[in-house]
Amino acid sequence: MNELSLLTGMLRELVSAPGLVVLVPFAAAAGLGFVTDARLGAWINGAAATLAFLLACALPWEPIAGLLLLADPLAAFMAILTSFLGMTTAWFSQGYMQVEVQAGRFDAPRLRLYHALFQAGLGCMLLALLSNNVAVTWGALEAATLVSVLAVALPRTEDAARAASRQFVLCGVGLAMACFGTTVLYLAAVPALGAGVPAMSWSRLPAAAAAFNPAMLNLAFVFLLLGYGTKAGLVPLHGWLPDSQAAGPLPVSAVLSGSILNVALVVILRLRGLLDANPGAIAPGLPIMALGLASLLLAAFSLGAQRDVKRFFAGSTIAQSGVAAFAFGLGGAGATFAGLLHLALHTLTRAAILQCVGAAVQLNGGQRCAGIGGLLLRHRALGLTLAAGMVAVAGLPPFGLFTTLFLILSGTVDRAPWLAVPLALGLAVAGWAMAERLLALCLGPPTPDRGPGTGLPALVPAWVQLALVLVLGLAMPGPVAAWLAAIAGAAP
Amino acid sequence: MAGVSAAVLTGFAVVVAALLGLGAASAVAPRRIAALGSLGACGVGFVLALAYLLAGAAPATLAVPLGLPGSWMTLALDGLSGFFLLVLSAVGAAAAAAALEADADATAPFLPVLLGAMALTLLAGDAFALVLGLELTSLAAGALVLMRHNDSAALLHIGVALPGAACLIAALALLAGGAGGDFRFAAIRAHPPEGWPAVFVLVLALLGAGAKAGLVPLHGWLARLLVAAPMHVSALMSGAMTKVALYVLVRLLFDLSGPAQPGWWGAPLLVLGAAGAVLGALRANMADDIKAVLAGATVGSVGLIVIGLGLALAARGADLSTLAALALGGAMLTALAHGLFGSLLFLGAGAVHQGAGSRSLVRLGGLIHRMPVTTAAVLVGAASLAALPPSAGFAGQWMLFQAVLGGPRIDGFGLQTLVCVVAGLLALSAALSAAAAVRLLGVAFLGRPRSPRASAAEEAGQTMRTILIALAVASGLVGLFPGGVLSLAEPALRRLVSAGMADRAGLLAVAPQADLPGYSALGIALILALSAGLVVWLVRARAVPGHRFGPVWDGGFGPPPAWLPFGDPLTQYGGASFAQPLQRVLGAALLRARETVDMPSPGETRPARIAVAMEDPAERALFGPLAALRPRLVVLADRCWLPGIRRTLAVVFAVLVFLLTVVAIVEQF
Amino acid sequence: MTTLLSLALLAVHLALLLTLAPVLAGIVRWTKSRLMGRVGAPVFQPWRDLQRLARKQPVLAENASWLFRGAPTIAFAATLAAAALVPGFALGMATAPLADLLAIAGLLALARCTLALAGLDTGTAVGGLGASREMSFAAFAEPAMLLVIFTLALLAGSTNLDAIAGALREGTAGPLFPLGLALLAMLAVAIAGNGRAPIDNRAALAETGMVHAALALAYSGRHLALIEATAALKLLLWLTLIAAIFLPFGTATPESGLLVWLLALPVWGLKLGGLAMALALFEAGVAGMRVFRVPELLGLAVLLGVLAAVLLAVWQGLA
Amino acid sequence: MGGHHGAFSLDVAHLLGGAVLVLSFGLLYQRRLGGLINAYAAQSCVLAAAAAWQGWVQSAPALVVTGLIVLGGAGVAIPVALHRIAGRLQFDRAVVTQPGIFPVMAAGVALVLLAVLLAAPAAAQALPREDLALALAVVLLGQLMMIVRPAAPAQLVGFLSLLSGLILGIVGVPGMRLAVELAVAVLVLAGAAVAGVYLLRIRARFEEVDAGRLERLGGAAQ
C-alpha cells in the first residue's frame, strides 16, 4: 500500500513539467539511435531540444520538491539556461554537422551516435539539475561525463582519443571524490534527518543543516568541493577541459562541458549554503574563493600562450568559471546574484563565441590561431559576431558581463577588499589577452578559406544569445531581476 | 528653473540615445550619416548645455529603465557636468564636422558611439552609469584606432583602460560601501568616506581617472593613441576625452568624497600634475611628428589642470574657499581652452597631413605660403599653447598662476615648499610650451619647404577651413572673455568649493580677490592694439614705405642649385636642431634623450644631420618592466597550465590532503 | 579729475619712454666704451641710427611671409604695451589696474615668440639658431621670473605692479633677505631677457655667440629700426621695472604733495642713469659665456627664486 | 538502522574493512602487474564480503545484493579482463617500476592517521567512526597509488582500488538508500575505465594513456 502510493507519486512527478523536461531528451536520445536519416535526425534533435526548453520555461510556475525531482527557483533557472543552450546549440549543430560530414570528418553512423549522445548528455545534465537527491545528482553527472567522454572520442583522431582518456582519468578521480563526499554528506545529515531518503534530499537539507554533524559536514565539503570543482573546471582541477574542448566536436564542447561546469558550480553553491547554516562547520567561502582566484589568475596569464583557438577559449572559460566560483565564495545575496548572472551570461556568450569559432575553424580548415586572421574583412557577419562575443567576454560594455563584473568587483571591495587586488589583476589580464586575440582573429592579415562555410543561418543562435546577454545585462526586465534576486537571496 | 533643468536633462538623454542608436544604425546605413548625425547631436547638445548653464544650472536627476538588474540607472545634471558637456559638445561638433571631410570607413559608426559614451559619463548619476560610460568611451576610442590597423596603440589603450576601470569601480564601491551599498551619487554624497577608505578612494581615483586622462606616469598610451588616430578622432580625444576623465576625477574627489577631506589630498595631485606639465611640454619639444608634438602638449595641459585641481583640494581643506574657487575655476577654464585650441591644433595637423602629405617636421616647411588660412588658425592655437596674452591659454594659466601664488596661504611647511616648487615648474612648463609652439609653427609652417610635397602643399578644403576658423574664433573669444566662461562655471564652483568667482570675474576683468586689480584680457588687447596703431602711425609718418625682395644671407651657404628653387632645405634649422639646447639640458636628464650627430668632414658637401632618440621615464620605469614581466608570467603560467596526467593528479591529491589537514587541525581547536 | 590725471600721466610716461629708450641704450654703450678705454659713440647715436634705418627701404628674404614683415611691429607693440604698464616716475597711471606682472611677462613673451618666429621664417641657419637659443634661454628664465613674481606677490598680496610698488614704497614690506635673493634672480633674468653680457653680445659678428643679433640678421630698413627700438625699449622697461620694485623711493602718487611731484622725474632719471651705469660696469667687467652654460646661470637664478619664495612663505606663515 | 548490534558483528565488520585497507597497502607494495591484479581481486572479494556482512548486520538485503554484484564485477570480471589485456600486451611478467617502497609506505601510514583523525568526531553522534576512517584511508591510498606509480596499468589498478574505497564507504553508512544503485554506478565507472583502456589499446597505442610517456614525448617535441 505504502509502496504503491510512493510509486504513483513518483509517476505523477515524472509526468509533471520537470519530469517531462528530463524525459524528453532521454526519449529523443533513445529514438535518435534508430533514425538513420541524417537530416531527420538533425531536425528531431533540434525539435526535442526546443521542446525541452519550452517545458523548462514552465518550471518557475510549477515549483515542486518531490521524492525524485526538485524544481526550486535555482534549479528552474539553471534548467532554463541549460535547455536554452541545448536548443540554440542543437539548431547550430544542424548546419555545422552538415559541413563536417561534407568535409569527411563524420560519417552517417557516427552522426547518428552524435545526435543520440547530444540528447543523452542534455538529459543527464537536466536530471542532475532537477533531481532532488544528492546521489542521483552525482549519478547523473557521472553519466553526463561518460557521455561527454564518448562524444569527445567521436572524431576518432589520435588527439580525440588522448583528450578522451585524459578527461576520463581526471574526471573519474573527481567523480570518485564527489561520490565519497556524497556519502559523507549523507552521514553528516543522519543525526538531523535520520537515516533514509530525507537525508539525501536537496530540498530537506538546507533547513536541517544547522543540526548536521559539523565534522562530517567539513569532510563532505572538502571532497565535494574538489570533486565538483573538477567538473567546474577550477584550477588545479581543470586539466581535462582544454583538451576535450579542443578535440571534441564543437557543439558537444559548447553544450556538454559548458553546462557541466554550471551544474557543478550550482552544487558548490548549494553546498556553501549548507555550511553557512551550520555553526560548527568551517567557513566555506575562503577555499571556494581561493580556487576561483587561482583559476582566474592562472588562466588569465596562460591565455597569452595559447596557440589553438579552441584551447584559448577553454582557458577563458576556466577563468570566467573561476570568477563565478569566486562570487559564490564571497557570499551574500548580492555576490550570489552577480555570480549566478555571470554564470548565465558567460554561458550564453561562450556558446556564441564557440559557434563562431566553429564556423571559422571550418572555413579555415585548422584551429591554430596563427592560421586564422582578418575574419572581419573576409566574413563580415562572422567577424562582427565573434568580435562582439569577445568584447563581451573581456568584460567590456555594452554587454552584460560588464554588469556582472561590476557587481562582483564592487561586492569584493565591500566584503573582502584585499581580494579585490588579485581579482582585478586577473580580470584585467584576461581582458587584455582577449583584446589581443580579438585583433589577431578579426583584424590582422586575412587568411584564405580552405573549407566550406556554414553560412549565415548558423550564426542566428549566436545573435540570439548575444542579444540576450546585452538585454539581460543592461536592461533586465524587472520581474526577471526580482526572480533572480529571490533565488540569490534564498541560496546564500 | 527646475523645469528647465529637467527638460534639458531629458533632452540630453535623448541626445545620448540618438548618438548610440546612430552608431548602431550607421553600421548598416550609409556611413556619412554618422558624421552628420553626430554634428547635429553636438549642436543640440551645445545649445542645451549653454541654456542650462545660463539658466542657473539647477541640479536635476532622471531615472531611465536601464542599468544594474533590478534598479534604474540615474542620470544627473549639475553645474559641473553641464560645463563639461559644453566642452564636449563644442569639441564634438568640430570633430564631427571634420569627420565629414575625412573619408568614411569602417570606423565611422564608432564616432557617435564615442560621443554618446562620453556624454553618458558626464550625465551619470550613479556609479554604474559612470563606469559604463567611461568603459564604452575606452572601447569606442580603441575601436576607432584599431580599425586603422594600429594594433599596438589600441592594445596599450585597452591595457590601461581595463585596470583603470577596475580602480574606478573599486573607488566607487568604497564610496558606495559607506552609503550602504547604494550606488547613486545622491546617496554617496550624503555619506562621505572617512579614514582609510577615504585615502584609498583618493589613490584609486587618481589611478583610475588618471590612467584615462593621461596623467603622468600613466600617459604613455595617450601619446601613442593620439598619434595613431585619424585627425578628427585625435582632436576629439585630446580635446574632450581627457577632459571627461578629469571630470571623473573632479566628481570623485570634490563631489562624492564630500567637502571635509583634508588639505594634503592636494599634494599628490600637485606633484603628478607638475610632473605631467613639464614632461608633456618637454616631449612636445622633442618629438618630430607634429601629432606627437600635440600629444605631448595634451599631456602637459592635463598636468596643468591637475595642478589646479590639487590646489583647489588643498585650499578647500584649509577652508580657503575663495582660493579654491580660483584654482578650480582656473582648471576649468584651462580645460575649456585646451578643449578648443587642442582640437584646433589637431585638426590643423590633420589638414597639414592631407595637404602636404606628411606629419614629420623633417618633411614640412613653408606652408604659410600655400596654406594661409590653416596657418593663421594654427597660429591662434599655438598662441594659446604658448600662453601668450590675450589668448585663451594665457587666461587659464593666469588663473592657475594666481592660485599658486595664493598657495602659501595654506598652512604647513611641506605644502608651502611644494607650492613654491610647483610655481617654478608651472613657469617652466609654460616656457617649454612656448618653445614647442614656436618650434611647431616655425619649422612646419614657416621657412622653406623641406620636401617637394611640402612645396606643393594644398590648402584645406572649404569645410575644414570653416571649422578651423570657427575654432580659432571660439578660442579667441574665450581668451578675450574669460570672465564669461567663469560665469558658466559658477554653478559648479559654488557646488564644489562653496565659493564662486562671480564677485571677482566680470566680463572685463578677472581678479584673484574681490578688491584687487586683476587680469583684463580686453584691456591688454586694447593696449596692444593701441600700441600697434601707434607704431604703425609712427612708421607711416617717419619711414620710407614699400619693400623689395632679395637673396638672404645664409650664414655662408652658397646659392641653391636650380633644382632646389627654395634653396637647400637642409641648411635650415629643423625640429631636432631647434630643440637641441633644451634636449641637451632637460631632455637628457628627464627623457634620456640621446642625439646622434652625423657631421661631415671638412670639404664634404653633404649636410650635417642630427637625430634624437628619447625614452619616457614612465615607459622605462613602469611600462617597460611590466611589459617585460608579462611574457615571463605567461611562460610560467603556461608551464603550470596543463601538466601531465600524473602530475595533475599529484597536485589534486596535494590540495586534497592539504584541505583535509587544515580541516583536521581546525577541528582540534 | 583723477582719470584725467592718470591719462595725462600715461601720455607723459609713454612719450618719455619712446624718447628716452634709445638715449639710455646710447648711455650704456658710451659708458661701456669709456670703461674699455675707447672714445665711444655719442649718447644720441642710437637715435640717429634709427632715423637712418627708417629712411632705407627694407630688403626682404625671397620666401619671407607676411609674418616676417609684421613681426617687428607686433614685437614693438607688445613691448610698448608692457612698458605702458610699468610705472616710471609716478604710480596711478591709467593703465595701473591692468599692470599685472604676469601680463607684463606675457607681453614680453609675445614679443619674444614673434621675433623667434620671424627668425625661423627666413629659412636661414642663423635665424633658426637665434630662435632656438632665444626660446631655450627663456625656458630657464621664465621660472626664475615667476618665482620673483611669487616672492613679490607674497610681500604685497597681489601681482599688480602698481600695488607692489606702492607696498614697497610704503616700506610695509617684510624681511629684506628674500627680497635681496629675488633681486639677484631678477637681475639674471633681466640680463638674459635683454641679451646682455655675459649671455649675449649685441654687437657680435660671429654666429656662435649670437642670440638676439641672429634674429635680426635678415632684417633691414624700417624693420631693423623697429627691432632696434624694441631692444632699447625693453632695456628701459627692465630698468624701470627694477627701479619700481627695488628702488621704490621717490615715486609720486596721485596723493603726493607738490614737492614729491617735482622731484619724481629727476629721481627716476637718476635711478635709470645709475642702473645703466651699473649695467655698463658689469658688462665691461665680465667675459662672454658659452652658450650651453647659460642654463646653469639661469638655473642658479631659479634656485635663488625658490629660496626667496620659500623663505618668505615660511616667515610670513610664522609671523 | 536496526539489526543485530552485537560487539562481535561490529568487530567482524571492522575486521573486513581493515582487511580491505591492508590489501590496499599490499597494492602499494606489489611490484609486478600480475600480482597487482591478483591483489585487487582479493581486495574486491573482501569488499564483497564486507558488504554482505553489513547487509546481514543491518538486515538490509540490498547490501547483500551489492556484495554479490561487487563480487561478480570487481572480484571476477574486472581482474579477468585485466589479466587478458595485460597478457595480450605482455605486461604480465613486467616488473612495474616504482620509487622506493619505504617513503610510499610511510606516506600511506600518515594518510591512514589523517583519516582516523578526521573520522574521530563522528563518534559523538553515534556515527560509524571506524567504517568511515577505513573507507577514507582506502580512498586516499588509491589516489596515492595513482600518483606514485608511473605506469598506466598500475595507475588503473590504483583508480579501481580508489573506487573500492567508495563502495566500502557506501556500505558502511547505516541506512543509506540507493546504496545498490550507487555501488553499481561506481562499478560502471570501474568498468568504463577498464573498457576505455581496452578500446584505446585497439584504437591507438597503449602508451597513449601512459601519462609519463606522454610528458616525455611532449618534452621532446618542444
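For reference, chains read A, B, C and D in written order, and residue numbers begin at 1 within each chain.
Here is the rule we use: a residue touches a chain if its C-beta (ideal position, glycine included) is under 8 Å from a C-beta of that chain, and two chains touch if they have at least 3 such contacts.
The structure displayed is predicted, hence computed values, not measured ones.
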Query raised in the report: Expressed in steps between touching chains, what is the minimal separation of chain A and chain C?
Result: 2
Report task. Mind naming the chain pair that shares the most C-beta pairs in contact? Result -> B-C
Query raised in the report: chain B to chain C: how many Å between their CA centres?
Result: 35
**Report entry** Separation of mean Cα positions, chain B and chain A [Å, integer]
**Finding:** 45
Query raised in the report: Taking each chain's centre as the mean of its CA atoms, how far is chain C from chain D in angstrom?
Result: 99
Report task. Let me have the rounded angstrom distance from the C-alpha centre of chain B over to the C-alpha centre of chain D, please. Result -> 69
Query raised in the report: In chain C, which residues are in touch with two or more of the other chains?
Result: none
Report summary line: Expected list for chain B, residues touching two or more other chains, is 643, 645, 649, 652, 656, 660, 663, 667
Report summary line: Multi-chain contacts in chain D, i.e. residues touching at least two other chains, fall at 118, 121, 143, 146, 155, 211, 214
Query raised in the report: Mind giving me all the chain pairs that touch?
Result: A-B, A-D, B-C, B-D
Query raised in the report: Can you list the chain B residues touching chain C in their complex?
Result: 365-366, 368-369, 383, 386-389, 394, 398, 401-402, 404-405, 408, 411, 413, 416-417, 419-421, 423-428, 430-432, 434-435, 437-439, 441-443, 446-448, 509, 512-513, 516-520, 523-524, 527-528, 530-532, 534-536, 539, 542-544, 546-555, 557, 566-567, 569, 571-573, 577-582, 584-586
Report summary line: chain B contacts chain A in the complex at 65-70, 127-128, 131-132, 135-136, 138-139, 142, 146-147, 149, 151, 154-155, 158-159, 162-163, 166-167, 169-170, 172-174, 176-177, 181, 183, 200, 630-631, 633-638, 640-643, 645, 648-649, 651-652, 655-656, 659-660, 663, 666-667
Requested in this report: Could you please specify the touching residues of chain A with respect to chain B in the complex?
Outcome: 166, 169-170, 173-174, 177, 215, 218-219, 222-223, 225-226, 230, 236-237, 239, 242-243, 282, 287, 297-302, 304-305, 315, 334, 337, 341, 391, 394-398, 402-403, 406-407, 409-414, 417, 420, 424-425, 427-429, 431-432, 435-436, 439, 443-444, 472, 474-476, 478, 480-482, 484-485
Query raised in the report: Considering the complex alone, what residue numbers of chain B touch chain D?
Result: 643-647, 649-650, 652-653, 656-657, 660-661, 663-664, 667-668
Query - chain C residues touching chain B - in the complex, by the definition given at the top - result: 51, 54-67, 69, 73-74, 76-78, 80-81, 84-85, 95-100, 102-103, 106-107, 109-110, 113, 116-117, 119-129, 131-133, 135-147, 149-150, 153-154, 157-160, 162-163, 207, 217-218, 221-222, 225-226, 291-292, 295, 302, 305-306, 309-310, 312-314, 316-317
